[in-house]
Amino acid sequence: MEPLDRDLEEGLLELPSEPMMLNMGPSHPAMHGTVRIVLELSGEQILKADVQIGYLHRGFEKMCERGTWSQVFPYVDRCNYVSPMLNNVGYALAVEKMLGVTVPERCQYYRVVLGELARLCDHMICSGAMCMELGAFTPFLYYARARENIWDIFEEETGARVTHSFGRVGGMASPPTKYFKDMVRAAVPRVIALIVEGEKMLLKNRIFLDRLEGVGVMSKEDALALGWTGVVLRASGVPYDVRKAHPYMVYDRMDFDVPVGTAGDNYDRFMCRQEEIRQSARIIEQALAQMPDDGPINIDDPRVVMPPKNDVYTTIEATIQHFKIVMEGLKVPAGECYSYTEAGNGELGFYLVSDGSGTPFRVRIRPPCFASTQGLEQLIKGAMIPDVVPTFGSLNMIGGECDH
Amino acid sequence: MSKRVLEILGERFGHDVLETHSQFGDDTAVVNPARWLEIATFLRDDSRCAMNMFVDITAVDYLGRQTPRFEVVMHLRSLERGHRVRLKARVGDEDGQNAEIDSVVSVWKGANWFEREAFDMFGVVFRGHPDLRRLLMYPEFVGYPLRKDYPADKIQPLVEFRNVPGKLPPFGPDEGMSFGRQTHDYRRDEPGGEAN
Amino acid sequence: MATIKIDGREIPFEQGDTIIRAAHRAGIDIPHYCWHPGLSVAANCRMCLVEVLPPPGRPAMQLEILQWDAAKGDYVSARKPKLIPACQQGCAPGMEVLSQTSEHVEEARSAVQELLLLNHPVDCPICDQAGECRLQDYWLEHQRTGKRMHQEVVHKPKAVVFGPTIVYDAERCIVCTRCVRFCEEVAHDPVLSVSQRGNVNEIVISPGKQLDHDYTLMTEHVCPVGALTSVDFRFKARVWFLRSARTVCQGCATGCNAYLDYDPRNNTPCRHRPRDNEQVNKYWMCDEGMLSYKRAIENRLLTALVGGEDATIEDALDAVKEQLAGFGDDASRVAVVLSAQHSNEDNFTLLSLARTFVGAKNLYVSGRPLGRGDKILMSEDKNPNTRGVMQLAGSLAPKPIALLLDAVKAGKYSFVIALGAELEVDEQEALGVLSKLKGLVTIASHDGPLVRAAHVALPAMAWAETDGTFVNRQGLAQRSEPALTPRGDATAGWDLVTRLGKKLGYAMTFKSLADVRRAISAETRTDSGANGASGAARTDADRTATKPEVSV
Amino acid sequence: MGDMTTTPGSSVRVLEGSETGFATTKLDALLNWAKKYSLFQYPFVTACCGMEFMAMASPRFDMARFGAEAPRFSPRQADLLWVVGTISQRQAPALRRIYEQMADPKWVLAFGTCASCGGFYDNYTTVAGIDKIIPVDVFVPGCPPRPEAVLDGLLLLQDKIARGTREPGIVKPRRDAAVLGANLVKLGKKDKAAP
C-alpha cells in the first residue's frame, strides 16, 4: 500500500510529542466510498491529513475511447451510481451540443423529471449515509425506503433499478409509460413525507447537531478557489447553480429557489440538501404540469437515433440505419466542446474531443465531487477524528465519479 | 459572450496567444506554454475577466496527429460575469518526453488534484506543483494509462493472482472491449482501405 | 489547362473527360453505382445526376412537371431543370456544375436511392458487403427516409452459382452491369449478360458457360452492392473488424498494388483487394493474385531447423558457425543464392555479405518456376522481385539455379548460403545434388526444397509481416507495408543475414531497416542499373501518399 | 471435494472422492446448521453494487429474515465477506488483507458482475474477478444484481454451508413461469402506441 510520504522530521519540529499515524480506509466502516485518509495526530487532533483516492479508478476515460459515442452511456451511468440519470442526461446533452441538435420538448421535460427524481435519490442517500455513519441508523432506513419508491418509477420507465443506461443521443431509450405522471405524482409526496419524518428524528437530536454545527467550515473564497460547485459551494454562501446560471433544457421555465448556506459547515451542507429535495419536488410538479402528453421523444434524424426495432427486422431502410449507427457509430463533427450540467454534487462537466469518426477521441469527465473531495484535507486539518466522519459524509464523495 | 475575454487576451499578450476559436459556443485560446502561469494569473486578477472559478484542468494526447503531442486544457469561469473560457497549451514531443508546463496551483489551489491527475494519466509534469505524485494509480504503476500508446488492457497487478485450475479468464484474447472497430490505431496513418 | 466549376470549386480537366472523372481526379465524390473509372460508361444507375447550369445568356433547359402540393392537396404544374448524368456528360471549358448545392439534385438522388432499395431484401445481417456497401452509405447520405412501398417485394433467385469462385444473389443486385462490362472489356470473356427488364431483370450467365476466367474475383470487387460474393471470402469476416495494409501482390512479377485486409484480433489475413495504380495494375488483380494472400500463413517456415530438427534461432546460428567451418578461407568455393521471392532489403543484405565481406563472385537466383501468363496482368515469371535482384546484383548478374546444381555436381562449391526456399528445377534431383555440399544454409519464409535440403534453415518474415521493397517487371520499385504480426520465430530476413554475418565474424552493421535502405540508395545512386528502382521508389511513395481516397 | 453420498435412513453421510475420505456425523450437520443461520457479515462495499446492498439491508428486501442480519465492521468478527462492487488493482491488496484477517470458517460472496469477472471494465486497472485474489463461494451476476438475486445467492450459500461443500456456486436466473409471466406483464405495460 502507499506509504505516507510526509517525513516525520518536520512533524517533530512542530510538536514536542511524537505524532501518531492513523490510517482510515480504504475500506473503513464509518466511511462510505473507497477513500484512504492518512492522518497525523497528536492525541485526538489532526495535524496533517493526506487524502488518497483512486481505489475505485475503473479507467472510465480509457474505455470511452474504445466504443462508439452511444456505448459511453453505460459507463457514465456507473460513474455516479447514486444518480445515474443525471449523468446520462449530462452526457447526452454534451454530444447533442456537438451535433447541434435539441431534443423535442416532451423529451426535455421527461429528462428534467427523471433527473430531478435522481437528484432526490442522491441527496437522500447522502444524508442517509451520513447520519448512519453518525450512528443514527433509523433515518437511513427511512431514506432507503423512500428511495425504493423512486426506484420503482425508474424500474417502470427504464427497466433497471440503479444503472439505467436510459439516455440516448437525441432522445431517450423509450417514451414515458402511460402511467408515468400518475406514478410520479403519487410517489413524490410519499417520499417527502418520509424525509420529513427522518428529519424530525435528526434535527432535534443534540448529538447529531453538535457533530454537524460549526464543524468542517469552508469559507466562500476557499470554496471557489477549490473548484467546489453544487450543494457544497452553495452551503458556503455562493448561490451558483448551473440550472439558474446557465439554464439548460427547460429549467428556465421552472420556478424554484436555490438554497444558500451561511456558515458553510456540515450543518449547512446537510440542510441545503434537505431543502433542495423540496425544491426538486417543486420542479417535478411544474415539469409534470407542463409536460405534453404526446409528441415525439427522439429527434427525427436517422443519422443519430436508432430506428424502431420492428422496422429493422422488416424494412431494408431501417436495417441500414441500424447498421450504420451500431457498426460505425453516429458521426460527431470534429472538434471539442465542454458541456456542463447540474448533477447531484454540482457542476458535472464533459469535455469531448471528436475527430469526426464514430468513436470518441477523448471523453473527459469533470466530476463535481473530485473537487469537493480535495477540499476534505483542508476541512479536517486541526479538527478531531470524530469530525472526519460527518465532514466526509457531508461532502458526498461518490467513488466511481471521483476516481473516474 | 466571452469573446470579449479572447480579445482582451489578444491585446494583452499579443502573439503569445497562438490561436483562438469559438466552436459549439465555447471560446478557446491556445497560448504559449511559456506564459501559461502569467496568463492564468492575469485572467484571475484582471477585473474584466475575473476568472475566479477554477473548473477543470486535463490533457489530451494527440499522438501521431500533431506535435507538440499533448494539449493541456483548462476551463475557467467567472462568478461575477458568468462567462467561461477554455485555455489550451501544447507541450511534449513525439515520444512523450519533456511535456512540462507551469503549475497554476498558486493561482487556484483547486488545480492541485486536477494537475496531479493529468500527471498521473498523461505524464505531463507541472512545474512548481506542491506535491506532484500519482493520484488515481498506485505508485508502483509504470507508464501513463491515458496515453494513446498505452494498451488499454495491459494490467500491472499489485498482488499475484491465484491460479485456479481449469478456470478460464473472463475474456479471451479476441473477446472483450478490444472489439475491433477502426478505433484510433496510432500506428496507421490512413484509415485502412475502408474508403474503397 | 481548361477548368470546370463543381459547386463553385474550380477543377481542371483533360480533353475528353466526363464530369465525374474530372471530379474523381480532383477528389470530389459524386455518388455513383454503375460508373467505374476502368470501365465504359453505362449511365444506368442515375445516381450521379447533376445540374449543369446553362452557358451565360442561354435559357436553362427545363422540364414541365406536376408537383404535389400538400396545401392544395392536388398536383400543380411546375418547372425544374433537366438533370444530367455526370458520368456521361463531357466537360466543356467554363462549365458550371451543381452537385451537392442543388436541391433538385439531392431530390433526384434520394428518389433514385429509394427506387434501388424498393425490392432490396433485408440482408445486411447476412451480407458480406455490409459495412462497405454503397447502398448503405448513399442511403444515409442522400435518402434517409423510410419505406413507402408496402407491397410484397419482388423475389428473385438467391445464391446462384456463377462459377467456382462467384455466387450471385439477384435480389441484392441493382443491375449496374459493372460485372458484365468488366467481363467483356477487361477480362475479354463476355459470359455475363442482363436478362428480363424492369424490376425483374437480373444478371445471368450465358447458357452452358461458367464464370471461370482468370479475373472472376474482380467481378465481386467491382460490384457496388452485395450481389456478387466470392466463395473464398463469403461469411468469413465482417469488414468492420478488418484492418488494411498497403501491400504488393506476390503472385507474379507484375507486382499489382493491393490492400491486404486482415483481422487484428486473431492475426489472420482475410483477403486481397486491388489498390488503384494507373502505372501498374489500373484497378484490377487476377484471381491467382487475389487468393495469394493465403501464402502469408500457408506452408510457412516458423522455426529454425538444424538438420531438419526444430531449434531456436540462436542455436541455429551456432550450428551455422560449426557447419560453415572453413567458410571464409576460399571465396571461390562459396556460392550465394539470392531469391526473387524476397524483398530488395533481404537480398541486398545477403548480397553485401557475399560481395563486401566474403568476396564471393558466384551469385545465383532462386524462385518459383515459370507459369501461365496473359496479356492483361498475369506475367509468366511468378516471382515478385526478379527484376529487383538483377538490378541489385548489377554487373555480376546472378545465374539461374540449374547452373548452380551443375557446378555443385562438378564439386565446384562446398558452401552455399541461400535466400528463399523455392526452386524452379525438379526437387528430387536437386536434393540429391545439394546433399553433396559441406554446408548449405537457407534463410526462407516458406518451406521448400532449399529448406529441406539445408543443413540449417532460418525462418524469415513473409512479405505480409515486414516492410519491404519489390521491383516489378516494369522496374518500378514498390513498398509493401507490414500487416500481420510475425508468426512463430519468424524474423526479418535482413536481420537474420546480418546476425549470420556477425556469427561468421564479419562486421555487418545493419541495425534497422532504415540502415539497409540507406545503404541501398547509396549504392543504387552510383549504379545506373537501379536508378529506375530508387527513382521509381520515390514516385511510388509519393503516389501512395497523395492518392485521394475516393471510392470508385 | 467429491460428491456426497447419503445412505438413506442413516444419519451418517460419507464423503468420497477427496484424497482423504472421511465421514461426517450429525454433529457436524448441526454445526453447519448453526453456522448457516448466524452469518456475521463484513460488507466490503466499493462501487455501484453498494446501492443495491443498501436496498437489501433496507426494509423492503430485509436480509435479516435470512439470519444474515448483523453487519460486523471488523473482519476479525465476521465470517461472511460480501465483496460488493469493482475491485481495482490498487484495492486488491486491501481485499486480500481483509480476507486473511477473517477467522475460519469464512465464506466469500462476490456481489455483482464486476466482483465476479470484472464486468465490462476489461482494462488496465480492474481485477477481472476477485477469485483471482481470494477463493469465492458464491457468484451473484448482475450489474448490479437485483436484491432478489442476491437473496438467492445468500440462500445458495446457506445451502452450501449446510452441505459443507466449498464448490463455487453461481446464482442462475429464475426460470419459473411465474417470474417470466411477471416480466411479460411488465413489458406489456410499456405504451406501444406512444410515438
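Letters A, B, C and D name the chains as they come in the text, with residue numbers starting at 1 for each one.
Criterion: a contact is a pair of C-beta atoms (placed from the backbone, for glycine too) under 8 Å apart; a residue touches a chain by one contact, two chains touch by 3 or more.
As the structure is a computational prediction, the values presented were derived from the model and not from experiment.
Asks: Between A-B and A-C, which chain pair shares more contacting C-beta pairs?
Replies: A-B
Asks: Measuring from CA centroids, which chain ends up nearest the centre of the complete protein set?
Replies: B
Asks: If you average the CA atoms of subunit A and of subunit B, how many Å lie between those two points?
Replies: 23
Asks: Please work out the Cα centroid separation of subunit B and subunit C, and write it as a whole number of Å.
Replies: 40
Asks: Once you find the CA centre of subunit A and the CA centre of subunit C, what distance in Å lies between them?
Replies: Taking the average C-alpha coordinate of subunit A and of subunit C, the gap between them is 53 Å.
Asks: In whole angstrom, what separates the CA-based centres of subunit A and subunit D?
Replies: 29
Asks: Which residues of subunit D are in contact with two or more other chains?
Replies: 90, 93, 120, 123-125
Asks: Of all the residues in subunit B, which ones touch at least 2 other chains?
Replies: If we look for residues of subunit B contacting two or more partner chains, we find 137-138, 145, 152, 177-179, 181-182, 191.
Asks: Quick one: which residues in subunit C touch 2 or more of the other chains?
Replies: 240, in rising order.
Asks: Touching subunit D in the complex: which residues of subunit A?
Replies: Where subunit A meets subunit D, its residues are 1, 26-27, 29-30, 32, 34, 54-59, 62-63, 74-75, 78, 81-82, 125, 141, 144-145, 147-148, 151, 156, 159, 161-163, 174-179, 294-297, 399-400.
Asks: Residue numbers of subunit D touching subunit B in their complex, please.
Replies: Contact set of subunit D toward subunit B: 89-90, 92-93, 96, 117-118, 120, 122-125, 127-129, 131-135.
Asks: Tell me, which parts of subunit C touch subunit A in their complex?
Replies: 117, 120-125, 130-131, 135-136, 139-140, 143-147, 240
Asks: Where on subunit B does subunit D make contact in their complex?
Replies: 137-138, 145, 150-159, 161-162, 164, 167, 169-171, 176-178
Asks: Across the complex, what residues on subunit D touch subunit A?
Replies: Within the complex, subunit D contacts subunit A at residues 44-48, 50-52, 54-55, 57-60, 73-74, 85-86, 88, 90-91, 93-94, 98, 120-121, 123-126, 143-144, 146, 186, 189-191, 194-195.
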